[in-house]
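Data block below; observations after.
Chains: A, B, C and D, in written order; residue numbering restarts at 1 for each.
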Amino acid sequence: MTADLLFYLFAACTLVCGFLVIANPFSLNPVTSAMFLVLTMVFLAGLFVLLHAFFLAAIQVLVYAGAVMVLFLFVIMLLDLKAEERRRLKVFGITTGLIAVGAILFIFLNTLAQAPLGASTTPELEGTTMALGKLLFTRYLLPFEVVSVLLLVAMIGAIFLSKKELK
Amino acid sequence: MIPVNYLDLLRLAAPETVVLAGALVVLGVDLLALREVETGLRRLLLLILGAVTCGAAIAWMAAFPNLGNFMQGMLVVTPLTQWVKGGVLALAILTLLLSGGASFTNHWGEYVALLLLSAVGLMFLVSSESLLVIFIALELASLSLYILAAFHHDAPESAEAALKYFLFGSVSAGFMLFGLSLLYGLSGSIDLREIAAALGGPFLDPLLAVAMVTVAVGLGFKIAAAPFHLWAPDVYQAAPPPSAAFIASASKLASFFVLAKVLSVGMGGLEGRAVFGDYLPGWVPLLAALAAASLLWGNLAAIVQTNVRRLIAYSAIAHAGYMLLGIMGGKAGLPALVYYAMTYGFTTLGAFGVASLVRDRVGGDNLSDFAGLSRREPWMAFCMLVFMLSLAGIPPLAGFFGKFYLFAAALKTSSLDLLWLVILAIGMSAVSLYYYLQVLKQIYVVPPPSGLAAAPIPSLPKTVIILAALTVIVLGCAPNLLLRVLAAP
Amino acid sequence: MKLEILPWLILFLPLVAAGWITLFTLRNQKLSVGLSIGAVVTGFVLSVLFVAVNPLTPAPQELSLNWLSIGEFQVQFGLRLDPLSLLMMLVVTGVAGVIHIYSWGYMRGDRGISRYFACLSLFTFSMLGIVLANNFLQLFIFWELVGVSSYLLIGFWYEKPAAADAGKKAFITNRLGDFGFILGILTVWAALGSLNFGVLAEKLGANREALGGAATLAGLLIFCGAVGKSAQFPLHVWLPDAMEGPTPVSALIHAATMVAAGVYMLCRVFFLLNAGALEIIAWIGGFTALISALMAIQQNDIKRILAYSTLSQLGYMVMAVGLHGPTPAMFHLTTHAFFKALLFLGAGSVIIACHHEQDIWKMGGLGRKMPVTFWTFLAGTLALAGVWPLSGFFSKDAILAEAFERHHYALFALGVMVALLTTFYMFRLVFVVFFRPARAEPAGHAVESPQVMLWPLRILATLSIVGGVISLDHYYRLQFEPAAVGAALSWTAQLTHPFAHAPVPAAFGLAAALAGFACAWLLYRRADVDPLPARLGPVARAMRDRFYFDELYQATVIRAHDFIATIADWADRWLIAGLVVRGTHGTTELIGRALRLVQTGNLQTYAFLFALGVAFVLWWVLG
Amino acid sequence: MSVGLQHYLVVSAVLFSLGLLGVILRRNLLVIYMGLEMMLNAANLALVAFSRFTNNLDGQVFVFFVITVAAAEVAVGLALIVALYRRRQTVHAEDLTCMKL
């Protein structure tokens, strides 16, 4: 029962913070958005814990809240973007965008409601570090290696793109 | 506990490993040995090193045809995947050599390394049947391509185009991931064959339909099918020409192959039917809608273009429509699709090459900049003639045979269900001749602007372009050369 | 089959010549010309040799290589040798050879002469490919290649914008026809599982209904290809414009061979066409024949008159196919190839003599100054008019007889009418160009063309005269009605055969020719300006029957002409040029505007459209 | 009703749509990126939930990789923004309209 209550709490917080990331009525400053994104990630990590994915919850907090968000804030500071977002809102654009996304969401929820998902087995899976680690270095060896190449690409790209061109 | 045989993995992934090692060597050599070397020589050495690496990987595949399946679908090597990978590598070689005269950057080490790394991504993409590896390989290839698209150091449009490419790539990756998660949830597996076994058919669960669509959105972005093509014209126009050529050729080839694989292997029983009045949800109606939209949008929009690279971009969208017919052609359509995608790759690569030469000489690649090319560069003009006519599907060039075989396969497999789409495709290919001739008219009819200084064009790109044109002619006259091996059981 | 290598040689020699010229001898004009002429003349000699060694028999022979075999998709690259293809091979190599030689004289001094001969050789190769193909795919490939070489040759003088545009128009219009053609081919393949003519004929012979409900549709789709290539209504618009090319090209491609390929193809796949499709084919052919004959009357450009005449004669042939008569169609195709090539070459000779003046009202009096050209041109005219005993009479009579015997009186009357008009406009041309004093300076100083241009005229004139009595129809009948064929008639028997066999059509044909000649005689014998547009006619020399003809002309011909011209013009402007060739201002404008709304370059718009696309596709798949 | 798979999926779908909405509506490129991150995270949530309720660890491994990939993507994306800002002095989506038609 506690778990259920916690679910509702975390879910609500996740969604509210998520909403505030994209549409904060009080501030259009990207820094605020970034802060709410951190909160969203943290509450998501809470949901992961409820799903017994402890390792992932830890990773989520470490990588997202720790690394990705710092990167975001760093760039925001670097570009000095305080007073930028002062432009006229376009009502037409907002309405049409809402309609399109609303349609997609409606279809998602509608199909979810019809889907025969209820009668699943009793959940007993534990996402421990041990279990995941073993899988990573056996069955998932290949993707693990490919990801390392991906990180190499990201590194080259980030350095190449953000460094100043030498004249 | 599953025992892992590392040697097994190395054996199966040897070509990818070779290319990866080549990329690292390129980076290292560039940093350590070539710092003080003059730019032109440095560029030449690095490009040749890259090309040799790809050549070595091809040679490896030819010499040691190791086939097998690593870890239940993580890496599945079959003769067909070997051929597609060979095609990707050949296109990579041509792209590299095409860059031999270009001056859009000074960072040739990074450029060559990224190109090779994206080729690695595309190769993994081709030979995996696991959703996870497909996703990661797709991201690997995409990330490298985003950076390659931004390589133009003094053109602001280049960065803009790369940013658009990146944003749309990420959005569609998001959609695709969402779809993959549903697919995984509904089947309990991330291996395509197990998924197919778990899902069965032929009736489509609504949630599965959502999964199917969102996955198709992700890949539809990569193949630039309407309505997920919006990034393509900007990127093709503004990215450095060799990068754009690679995006249009090799990346498209691999993405089409993986789309065909995901749908026909992973959702084997869920084809559905796209006939008026007899509709059954499935991926055939989905692809039919995308194909029809691409054909119409691509061909009609191309008519009004004034920039040649943008025109090629719209024609690429249209060609995505033709190729989607190949996926709908099922088992018989797959060789047709690969043949078409490969020959299309060579054609469009060559066309980008010519556009890039014109741009270097005249300073732009608008239609009017091609005026009188036949009198300045008769060979390049002739190659462009071959490319344009092949794209328009005029025999005996590869574009004709590819289309014919695609249409035939689609009609036969669907037992005339797809006749309406084939009619649309043939009609649109008749329309397409109009804008291809527009380019040729500029090249052959309009007199060149006066006062254009004669300058020798670099021989490396020229050779590549002529080679591409030759390939288009030879594969058109003797399609059996390629099709026989592609269709081998 | 003896000497199997020969057909391959005949087919590939011109290609080798074309390739060699393009790659190596573009600078050396003499060598290029020699190579090209040598290839086609050798081809002709070898064809004669081959036919002499292997007498024509109804049983077809095939020489083929496996070109493609992918699963159940098997296509061969093969040659089908039967009376139809062998005779056509003789005609193509023969006429092409003569025209190659003529071109040598006509194009002398042109900078691009090597390029010209390379294209001409490429064309000869492609045309032979069509003739000899043993399957649909191969036929289609050469079909398109012929289109490409025609595009290159029409636009040969690409410095002239009109020529470049005409080439483009021809190419695109043909593509429209091919749209139907390839669809027809795919339909046949999907239904019968083969593309080989022999196999298809067997399958259909065993089961007439093998194509099922798609039979008429497939037939008409395939006919679309012929509509494009043979310039039938409504895709006829490209042929008159194609006259922008050099005159020998008009003679070879746009009169004698390529445009006849549509008719040839229909005869080749005659077994596929059912009665429903044939009926429509016949009417389209007849309609084309009539409207283009009417249009020919009011043309003043010598080449355009011949172009409309070609259209009209092609309509005749298509009508013959539609009347279940491939034999007369092919017969007429062959004789037409002789005399129409002759007429075009004669026109070329006149044009050169008048320093590239093509308006007939600026010529005149050339009969005396250019005797060989005049007499050969006259022979061609008489043959086209269908005057006994020239070749045109026999072939035209065969078509009329076919219509008469099948009790298709409407088309029979139409055919007679066209025959009358044909004689009329041809003699109008002859009177204006060759009689009366010269009306303009260049025509006054005209001199006869060099021998290299005159010998081709003499050869073709001979063929036009005797073409009707050399048993051509007999050999074609071997192909189409092997059961009904008897022994070949002697040439004297052939001379009188039409009168004995079917006197009514023969009489009508001759009467039509006479009437047409009489009208032309009355109106144009002394004319220095065209009396018809003036409508009243020269009152001073008024004669009653003149007025009668004039009024008849006004009442029927001009009005019908105006009406049809309006329709044709509308089709040209809106259907072909409007929607497809030029994309019209409106269409491009519309697309441009729509595109500007969508491809704004703005990320947000793109993202919105992306999401909308996803929503739409989801909705579509979920049904 | 006790919380089950469906609940998690609904949260995931809503979060996904929120992210998409951010991409469509916001004009600051950085915020657009944040929307993208939310889309990826929504998919992650679905994966973890499915993994839990089908007793199959594959989903969690998947998420592990997705997090890594997302981090790499952010690095490249932000670098692209920095590069663009250097040349154009803007991070506004509306200013990126060099190419049209």
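Just so it is clear, a contact is a pair of C-beta atoms (placed from the backbone, for glycine too) under 8 Å apart; a residue touches a chain by one contact, two chains touch by 3 or more.
Treat the numbers as computed from the prediction; the structure is a model and nothing was measured.
Chemist: Using the touch rule from the top, work out which pair, A-D or B-D, shares more C-beta pairs.
Modeler: Between A-D and B-D, the larger count of C-beta pairs in contact belongs to A-D.
Chemist: Report, in whole Å, the distance between the mean C-alpha point of chain A and the mean C-alpha point of chain D.
Modeler: Distance between chain centres, rounded to whole Å: 6 Å.
Chemist: Taking each chain's centre as the mean of its CA atoms, how far is chain B from chain D in angstrom?
Modeler: About 26 Å, centre to centre.
Chemist: Taking each chain's centre as the mean of its CA atoms, how far is chain C from chain D in angstrom?
Modeler: So the centroids are 64 Å from each other.
Chemist: Measuring centre to centre with CA averages, how many angstrom lie between chain B and chain C?
Modeler: So the centroids are 42 Å from each other.
Chemist: Return the residues of chain A touching two or more other chains; collapse runs of consecutive numbers into ranges.
Modeler: Counting only residues that touch two or more other chains, chain A contributes 93, 97, 100-101, 104, 107-108, 111-112, 115, 117, 140, 143, 147, 150, 153-154, 157, 160-161.
Chemist: Quick one: which residues in chain D touch 2 or more of the other chains?
Modeler: Correct list: 5, 9, 16, 19-20, 23-25, 27, 32-33, 44, 49, 53-54, 56, 61, 65, 69, 72-73, 76, 80-81, 83, 94, 96, 98-99, 101.
Chemist: Return the residues of chain B touching two or more other chains; collapse runs of consecutive numbers into ranges.
Modeler: 132, 136, 139, 143, 146-147, 150, 164, 167, 171, 175, 206, 209-210, 233-234, 301, 304, in rising order.
Chemist: Testing understanding: with touching defined as stated, what is the shape of the graph linking the protein chains, line, ring, star, complete or other?
Modeler: Looks like everything touches everything, fully connected.
Chemist: Along chain A, where are the residues that touch chain B in the complex?
Modeler: It is residues 107-108, 110-112, 114-117, 134, 137-143, 146-147, 149-150, 152-154, 156-157, 160-161, 165 of chain A that touch chain B.
Chemist: Which part of chain A faces chain C closely enough to touch in the complex?
Modeler: 93, 96-97, 100-101, 103-104, 107, 111
Chemist: Given the complex with chain C, which residues does chain B contribute to the contact?
Modeler: 164, 167-168, 171-172, 175, 204, 206, 209-210, 212-214, 216-217, 226-228, 230-231, 233-234, 279, 281-282, 285-286, 289-290, 300-301, 303-304, 332, 335, 389, 394-396, 400, 404-405, 407-409, 411-412, 415-416, 422-423, 426-427, 429-431, 433-434, 437, 441, 444-445, 478-480, 483-484, 487
Chemist: Could you please specify the touching residues of chain B with respect to chain D in the complex?
Modeler: Listed in rising order, the residues of chain B that touch chain D are 131-132, 135-136, 139, 143, 146-147, 150, 156-157, 159-164, 166-167, 170-171, 173-175, 177-178, 180-182, 184-185, 188-190, 233-234, 237-238, 301, 304-305, 310.
Chemist: Using the touch definition from the top, list the residues of chain C that touch chain B in their complex.
Modeler: 67-71, 73, 137, 140-141, 144-145, 147-148, 155, 158, 161, 164, 168, 171-172, 175-176, 178-179, 182-183, 186, 189-190, 580-581, 583, 587-588, 591-592, 595, 598-599, 601, 603, 606-607, 609-610, 612-614, 616-618, 620-623
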